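What follows is a set of structures to go through.
Below, subunit A partners subunit B and then partners subunit C, in two separate complexes.
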Partner chain A sequence: MEHTAEDIVLDVRGQICPACLLITLSELNSNKERLKGEKARLVVKTDHRDATRTIPGAAFAMGYSVSVVQKERHYEITLEHEK
Partner chain B sequence: MSSAGKIEETDLRTSNERLKKYIREKVNHLLSVMGTKPLNKEELDDSTLIELDPIGIIALSFEQVLEHQKETNRRLTVAKDQLQAVFDTVGVCISIIDEDMRIVNCNEKQKELLVSSNTKAIGRHCYDIYCGKDSPNLDCPAVETLATGKPVFIREVKKKHKHFQIVTSPLNDADGKVTGVIEVSMDVTEKKKVEELMRQAEKLTAVGLLAGGIAHELNNPLGNILGYATLLLKDRESGLRPEHREKLEIIVEQAKKGGDIIRGLLDFSRQSVPSFSNVPINDIIRKTVRTLQNRFSSQRIKTDVVLPETFIVRADPRQIELVILNLLLNSIQAFEGVNGREKTISVRTGRENDFVQVTIADNGPGIPEEILPNIFDPFFTTKPIGKGAGLGLSICSGIIKEHKGSIHAGSEAGKGTEFVFLLPAAGPASG
Partner chain C sequence: MYRSDFCMAGVFRDVFLFRDYLRMKALFLLVALLAFFLYLMRVFRVISTYPPSFFGAPSVANLVGGVLFGVGMVLGGGCMLGTLYRLGTGNTASAITFCGILLGGFASAVIYPSIHSFASSTVLFKDKTALEHIIGNAAAPVLALSLLPIALAWRWIKTGRWSQAAYARGYLPLWKASFMMAFVIAASVALSGRPLAVSTGYAKLSGFLGVLFLPAVTGKLAFFRVQSPRLLYGSIMNGGAGPVIDSVFLTQLPLMAGVVGGSFLSSLRLGEFKIRRLPPARQAFSAFFGGMLMAAGALMAAGCNLWHIIGGLPVFALQSILFVFGAAGGAFLGAVFLRKIVIK
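Coming up: the complex of A and B.
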């Protein structure tokens, strides 16, 4: 589906958990208003497999919907406000 | 540096180490709550740890978790209230029953129809609360669903004098094990009554036509039999021997009985058109009671007639007299074989909205519950063969319906029977 919200891209490739989770949470906190207002989505690029479990788990508890897409050499985790 | 200064620096380092250890422990605890791994000292040295401020990040994240929880709780409360409203206002009874046949939850409709006021239903056995029994019925659909795990549909079940259509569906846990039953039941008592009335009306129409036709055909030959037999009896020159005369008398008597039955059939088929006028119902009642006074006296039946007001009804007085006569005769006959106690027939009139209500009650033995629905059926009788054609109440029902009224009977074994009929009032009640 076409979306009009801005993508905030966070590239944490090369980092492992818990650092990538903490950095993602920090980004979710600092962009809370835009994300909750559906003006932006957070797209996290990670090559750490564990992050595809920890980030969605934490983000879901905070009220975000999550999708994980596997790219050629990394994962793309998209977090947006749960409708 | 002085030795005192060295001691202070050592103390400060020790204190810093303790503090950093504490921060790492607390951060790791919070990270485990978030479902991730503990901090790796090689990847996140002390200065980076302080700079990243993980406790601050997680605290802010928890703030969002709590906000989300609050919003989820609010939505759940709204959804629960909406579901509860649907649960309670839907026109069918819904119960959730556990494997021990105890009521886990039930809606307002269920309580309204089958739970007595001030009775707590939750946690009690459904067969106790809904069916008034000590154990489940053998054909209980909930028992079958619990045993088979399959839905059951029952076309008709009687519970506490009401009729229900029931569907039971299994409640399964995550492993597919049946842990209870959802029972949905619809009260079909009124529908059943309407169906019964329609069935009776159709039957009455068909039987009425048949009876009227046969009565007409039989009336002429029976009239001839009665006429010639009477003539022969009166003929003094016929030379009849006494035993022949006796047999002729039996023929006359039986022909007269046949004539009575034919009149009953003609009344039943109501081939005479009612002639409506405004009549005081109490006058008809008094007249009919007077007609039967000898019967009441000879059978030692006490009459209790209370007619406080004048009620005018739109009716055919001859037909209404027939109805009251039939109902009173019915009450008199109910006392046959009753001895050693006071026998009373009471008659009351009253106003019921746009209708005048007449109640004729006796304290006789009552009508068994199983035959009560059939008493207005044509040819239905509990009397021995030859004692009654079973048309009296059927005629009453037909006449009252033709007057756009209604008639019903209530009875309790050992306590008596009450017939109540309503007729359209012709005007307001007067004293």
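Coming up: the complex of A and C.
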């Protein structure tokens, strides 16, 4: 199925630990309506390995589905409302 | 450490910020395994001095130093060892923390006489250095604090309660890292006769830089002239923070270089090495200031988290027990500062 929701891109590369998770949580909360209404999905760009464990863990608990892809020298974590 | 992101600053910080106990459980397992292995080494006389002579009498300075260190490692985004393994992956924020530790080491050397006087005047038990000197039994704390967590950890592993989805390439589960580190560290103690340490190595680097940029000031600082005898590989060698070749130069600096080199190679192999962009100004300042606090805390507490948590806690050194309480309190404060001031 083709993806139609808008991508909200959050680039937290270079930030100190645990800024990636804190900023992502804040972004999830401020865009809650759009994400839950499937109008948008959150794409997090991070170069912190640990964020690929902590962000999906927190997002799962909040009812989001997660996919993680390794790009060139960073990871891209996509969070969207679980269908 | 790099593959599992076994971050000791994260152990405490994650509990206070996110109620995430995964790293804490891994650290418990590591300390429990080491307590068990070191006790066995004692029974089979692999270790000659036990409780180890290099842990002195406990003082309030161990607790206060632990608090400073705890705040510093959370603000710095990693402890003294964590800073090194992240530095090896091209992490610019860790490079800033590293510089903070070096400058903090030099600044602490300037106020060393006051720190030394505070530590000496607040000694709690002059002739007691380990828990067994108070409770009169060495086996009881080992049994209570090592076998129970090991049995619990084994149950968690078997029932899958220790698994968490991780997507990073080459990720090593934390419990596996605990086992690997316990074997390596125990073997290192058996061979060298000493726990691992890096804080004096950092201070020595500060001393070398001091000689390079401020030779007159550095030459006058008493801290850089202190040399103490250290038991190493069965013989006594002098060592200290001074900019000279001694036992610290021959042991701690290679360890530091090894951690940086190991994570560099590992990150290169996983396709993750990159000189990262600078963090936002507020975070950069936090990293630098956190590094300075860690250096001051380690000097006051007579060691960093590596020395006390991995080295002293498994033998129930009183200094280390005080340090851990202080570091936990400091990490709580650091987490509050991080949340309210640094990351906005």
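In this text, the second predicted complex is superposed on the first by the 81 of 83 C-alpha atoms of A that agree within 3 Å, B and C clash if a C-alpha of one lies under 4 Å from a C-alpha of the other, contacts with A are read in each partner's own complex, and residues count from 1 in each chain.
To be clear about the criterion, contacts are C-beta pairs under 8 Å (C-beta built on N, C-alpha and C of every residue); 3 or more make two chains touch, one makes a residue touch a chain.
Fair warning: this is a prediction, and the values are worked out from it, not measured in the lab.
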{"item": "Which of subunit B and subunit C A:T78 touches, first, second, both or neither", "value": "neither"}
{"item": "Touched partner set for A:M62, first subunit B, second subunit C, both or neither", "value": "first"}
{"item": "Partner chain(s) touched by A:Q70 [first = subunit B, second = subunit C, both, neither]", "value": "second"}
{"item": "Which of subunit B and subunit C A:T54 touches, first, second, both or neither", "value": "both"}
{"item": "First (subunit B), second (subunit C), both or neither touched by A:N29", "value": "first"}
{"item": "Residue contacts on subunit A - larger count, subunit B or subunit C", "value": "C"}
{"item": "First, second, both or neither for A:P18, with subunit B first and subunit C second", "value": "both"}
{"item": "Set intersection of subunit A contacts, subunit C complex versus subunit B complex", "value": "16-19, 21-22, 50, 53-54, 57-58"}
{"item": "Subunit C residues touching subunit A - in the complex, by the definition given at the top", "value": "2, 5, 7, 9-10, 13-14, 17-18, 20, 76-78, 92-93, 164-169, 171, 271-274, 276-280, 283, 286-287, 338-339, 342-343"}
{"item": "Contacting residues of subunit A [partner subunit B, same complex]", "value": "16-19, 21-22, 25-26, 28-29, 32, 50, 53-54, 57-58, 61-63, 82"}
{"item": "Of all residues in subunit A, those that touch subunit C in their complex", "value": "13-19, 21-23, 47, 49-50, 52-54, 56-58, 60, 68, 70, 72-75, 77"}
{"item": "Subunit B residues touching subunit A - in the complex, by the definition given at the top", "value": "31, 34-40, 43-44, 52, 54, 57-58, 60-61, 64-65, 67-68, 71-72"}
